[in-house]
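Order of writing sets the labels: A, B, C and D. Residues in every chain begin at 1.
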Amino acid sequence: MPLFTGVIPPVVTPLTTAFEVDYPSFTRVINHLLNGGVHGLFVLGSTSEVVFHDEAARRRIIEHAVEQVRGRVPILVGVIDPTTERVIAHARVAQSAGADAIVVTAPFYTRTNQSETIDHFRYIREAVDIPVIAYDIPVCVGTKLERRTTVMLAREGTIAGLKDSSGDDGNLRYVMTDTADLPNFFAMTGSEIVADSVVNMGAHGIVPGLGNVDPHGYVRLWNLCQAGDFIAARREQERLCQLFEMVWVSLARTSAGSAGVGAFKTAMRRLGVIDTNIMARPQRSLNDEEAAIIDRILRQTGLLD
Amino acid sequence: MPLFTGVIPPVVTPLTTAFEVDYPSFTRVINHLLNGGVHGLFVLGSTSEVVFHDEAARRRIIEHAVEQVRGRVPILVGVIDPTTERVIAHARVAQSAGADAIVVTAPFYTRTNQSETIDHFRYIREAVDIPVIAYDIPVCVGTKLERRTTVMLAREGTIAGLKDSSGDDGNLRYVMTDTADLPNFFAMTGSEIVADSVVNMGAHGIVPGLGNVDPHGYVRLWNLCQAGDFIAARREQERLCQLFEMVWVSLARTSAGSAGVGAFKTAMRRLGVIDTNIMARPQRSLNDEEAAIIDRILRQTGLLD
Amino acid sequence: MPLFTGVIPPVVTPLTTAFEVDYPSFTRVINHLLNGGVHGLFVLGSTSEVVFHDEAARRRIIEHAVEQVRGRVPILVGVIDPTTERVIAHARVAQSAGADAIVVTAPFYTRTNQSETIDHFRYIREAVDIPVIAYDIPVCVGTKLERRTTVMLAREGTIAGLKDSSGDDGNLRYVMTDTADLPNFFAMTGSEIVADSVVNMGAHGIVPGLGNVDPHGYVRLWNLCQAGDFIAARREQERLCQLFEMVWVSLARTSAGSAGVGAFKTAMRRLGVIDTNIMARPQRSLNDEEAAIIDRILRQTGLLD
Amino acid sequence: MPLFTGVIPPVVTPLTTAFEVDYPSFTRVINHLLNGGVHGLFVLGSTSEVVFHDEAARRRIIEHAVEQVRGRVPILVGVIDPTTERVIAHARVAQSAGADAIVVTAPFYTRTNQSETIDHFRYIREAVDIPVIAYDIPVCVGTKLERRTTVMLAREGTIAGLKDSSGDDGNLRYVMTDTADLPNFFAMTGSEIVADSVVNMGAHGIVPGLGNVDPHGYVRLWNLCQAGDFIAARREQERLCQLFEMVWVSLARTSAGSAGVGAFKTAMRRLGVIDTNIMARPQRSLNDEEAAIIDRILRQTGLLD
């Protein structure tokens, strides 16, 4: 059995107007997700603005999540920083704080090759006692985890699974075929908009940032796929694609990063889940005009009356 | 007068076989550079493997450099991490440890735009009392500091200078023209191989990683340019280009990052400056066969008999 | 009704050892495809090595195809060259030679923007009386047809359909949603390996280069999707993914372009469809060792005993 | 002796409002350049909008240039199209029309590797009796001619020279060093803004598109460099950099390609050299407002009173 399956959203980290973690809001986010029926939480992923938080803040975030979840679902924790030893430090914090698994990218800023990246995962695996999940996100780190890299790491047992945010679904399909004989290995997609397709290819889970806004939608999508009702799954996916249009609302004014997570936060504020839509510095938060467009999208997709 | 001028090498950080900073070797590196006549030191730049070191290690590195240099030349300190608050934390450490200026890149991992990047520099400037130098290194951070970004930051006084490692010398030339009326602003190039050209365009300094191996060479180059002896400067530059061939020796086996700094360390070991050529994990160090090729290059360029 | 639907392979152009079009083999390719049950032919696409042929050769290729097909299925013709007037010249040749539609990329070599690219399609549309299909292939032309570009061209009637070889299936999904109210507009994917997914999203056709090797397979896949048998479609797709592994066999020695079409030609030679696996100059053809690996793949996937 | 040296501008191709070559204006362009003292002409380069012209138009352009120049300076002719045989066809036209050399890029649209690109140059060299010059322009063709590719082609005698428009001056410097013992080989840069630097590195010629606007300026620059007056050369270069600012005037509205050549045409129209600033379709021509800004730049740089 794959270690983790189902809908495992990357959890948004709400901030106060003083740019600190807003723990009451964070608690509500976790409850919102659990009430939505998600199968796990991915804390401190890119959607969590992980690289904006230092080690101490990360520890508190993990501890808070662990405390709130009380074992009801597994908690995957991103341990994202440029290089091996620093990732190991985060990994140890995560393990001691109660993470069920850690999620690790290729090194960044420094320019490593596939061989060195393989070593990176091995060193981290040796340093902790919880499973390591590879996180393929070339848009952030500048490197793709190649098929043979991922498959080698899977076959030798270094990684327990893959979270694929590369957008290369053909490659993901090959990785899944190549590892089909490994009973515990799992592959998940970070896509919000072709999640149905990737699940129908055989993916074991989905990790949609937009799941913060509409966890019920992605859980429905997941269940419909599992039930083999591909037509209804596609219909749900199309509604979620309409909802996802929010991520482009502020693009004329903000970066792509701010536009995406900023839209999620703005929608969650409107839905009463969190108190502010503040983004960590130097990102720009969405303004009122942009929030009004997001309101309209929430209405069109049935999340607001 | 520009705040800093001349040859300011990004200082290699030597490691022990246990992957810790080798302070006796580090002392020798500093003396080797000062004996070579350099005009400043850039500690914790990319060549220093900065992103491999955590905050505590960085503090010790800065303190050691400050202690050894004893004010003989200014010390610029790289404060390189993905996002604003974390950079500010490093910046405060640097300031309290005695840095004369800090060197700051655009955010990375997160995808910011030029406006957010401008805010990034402003927030950092507000947080410290020492000058901020912009570090343009798209190959590591994935974003170019655009001409108008740099010029705006210079004109408003947010940045005191620019270290350009973008390879876009035409753009650098425009930045220098646009800021020619700012008496204190300075521009330096990170290039090892067109340093003469960029100095002859009017650059105020050079920051060559290869200067760790041959500081005398770059100081000669600088002095020849200042004296207007362009023909001799070019001849010196061509010798240094021959020396720079070392950075491709291990490319079939290691990443570009390991190949470059790894070659400098291998050469410095051969020249008796440092004890090992160990690279921080997961980078690969150069092997004996590659070291032999580097020996040959050192001989061809007059650094070894 | 969309103008064209179903499996419309981009037809390989077989060559003699003298690098000329091998018309007897070309006839056999066409029959092989029609016998496989395909719903149309895409002549002079990238898989046809179109940019290796001049205007006169292209005219003969179109005429030969028209003559052999005798109206049994529609013939789409790629009119691929860098700029507007030259594309128009090819388009007129295609129309006069009997093409049912032309397939047009964004300009290349020259660097146009989306506005100029929109004009490019408009000028071409005005110059001919047959439908224009947009061909989105950034890997060859260096530019993506953005969602709003394609949708604007579709809504104003400039283009009758889209052939998407961008690999960005999420974007394709949005284009399909945005044009869902246009009864005649169609969207096809060039993917060989996620064809089932894209058809299940609602695509009206598939244009798989690998269809030259196994047209029956892609027709089966198409029919299974139309019948709603997603499980069997997926199984067929996975067999075709295994077959597609042939495109990487020669990558250590040849370019990606030669490796892909060269593998198709090598397989088709083995299956008795064409006489040589010669690639147009300066591409390299696959050698005997590589052909032996392709034989094995053909056996593993049931195409050879 | 290198075959060609000095200032060899890529000649703009003026168009009528009917988008045909304006031969009276073309004659004036040639005279303007020869009066400016240039040492050769590069006809049908990227600045000539070469890929917008078919074979027949190209033949007339070459013949017109040959007829007007009457042997006073050598004429280099770009033979630019995606693939080998088509380039050979252009090359034969160029040779028969009186070209002194042909200028050849790597293949494009198709994705070839360095080995296939080497063969491409060899096949073309075999097909004609005039020298072949390699044209490195990755921004248009998507591939860089690597150092070892260029050097191999130079050493075996396939290419007589290199025109470098890659912007990688460090690489160009290594190519020049590697070929320093080949007495006839030459290297030229396409840069308008670091021309002085590259000549001072040892380049044998410059091919500045902006030379169409101010040939005297680039000839002065060249002569100053040859005379060893680096300070005055730099001053001239800085004036030309100010003039070059024209290429960004229309960027908010047109593509980069249209903005650059379109600005040159607009300036040449203002200077009375050509009749229109029309760009080949689908490119956009500069409008009156943009032309007014260019007027101002011409005044600031001393080209207009």
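Everything that follows uses one rule, which is that a contact is a pair of C-beta atoms (placed from the backbone, for glycine too) under 8 Å apart; a residue touches a chain by one contact, two chains touch by 3 or more.
If you're wondering where the values come from, they're calculated on a predicted model, not measured in any experiment.
Visitor: Enumerate, in label order, the chains that touch chain B and chain D alike.
Guide: Both-contact set = empty.
Visitor: Going by C-alpha centroids, which chain is farthest from chain A? Tell me that one.
Guide: D
Visitor: Rounding to the nearest 5 degrees, give the angle of the rotation that lays the CA atoms of chain A over those of chain D.
Guide: Rotating chain A by 180 degrees superposes it on chain D.
Visitor: Report the inter-chain centroid distance for chain B and chain C in whole angstrom, where each centroid is the mean of the CA atoms.
Guide: 49
Visitor: Distance-wise, how many Å sit between the C-alpha centres of chain C and chain D, to the nearest whole number?
Guide: Roughly 35 Å, centre to centre.
Visitor: Could you say which residues in chain A touch two or more other chains, in rising order?
Guide: none
Visitor: Give every residue of chain C touching chain A within the complex, in rising order.
Guide: Where chain C meets chain A, its residues are 167-170, 173-174, 177, 191, 193-194, 197-198, 200-202, 228, 230-231, 234, 238, 241-242.
Visitor: For chain D, which residues count as touching chain C in their complex?
Guide: Residues in contact with chain C: 19, 46, 49, 51-52, 54, 80-86, 89, 107-113, 115-117, 119-120, 123, 139-142, 253-258, 280-284.
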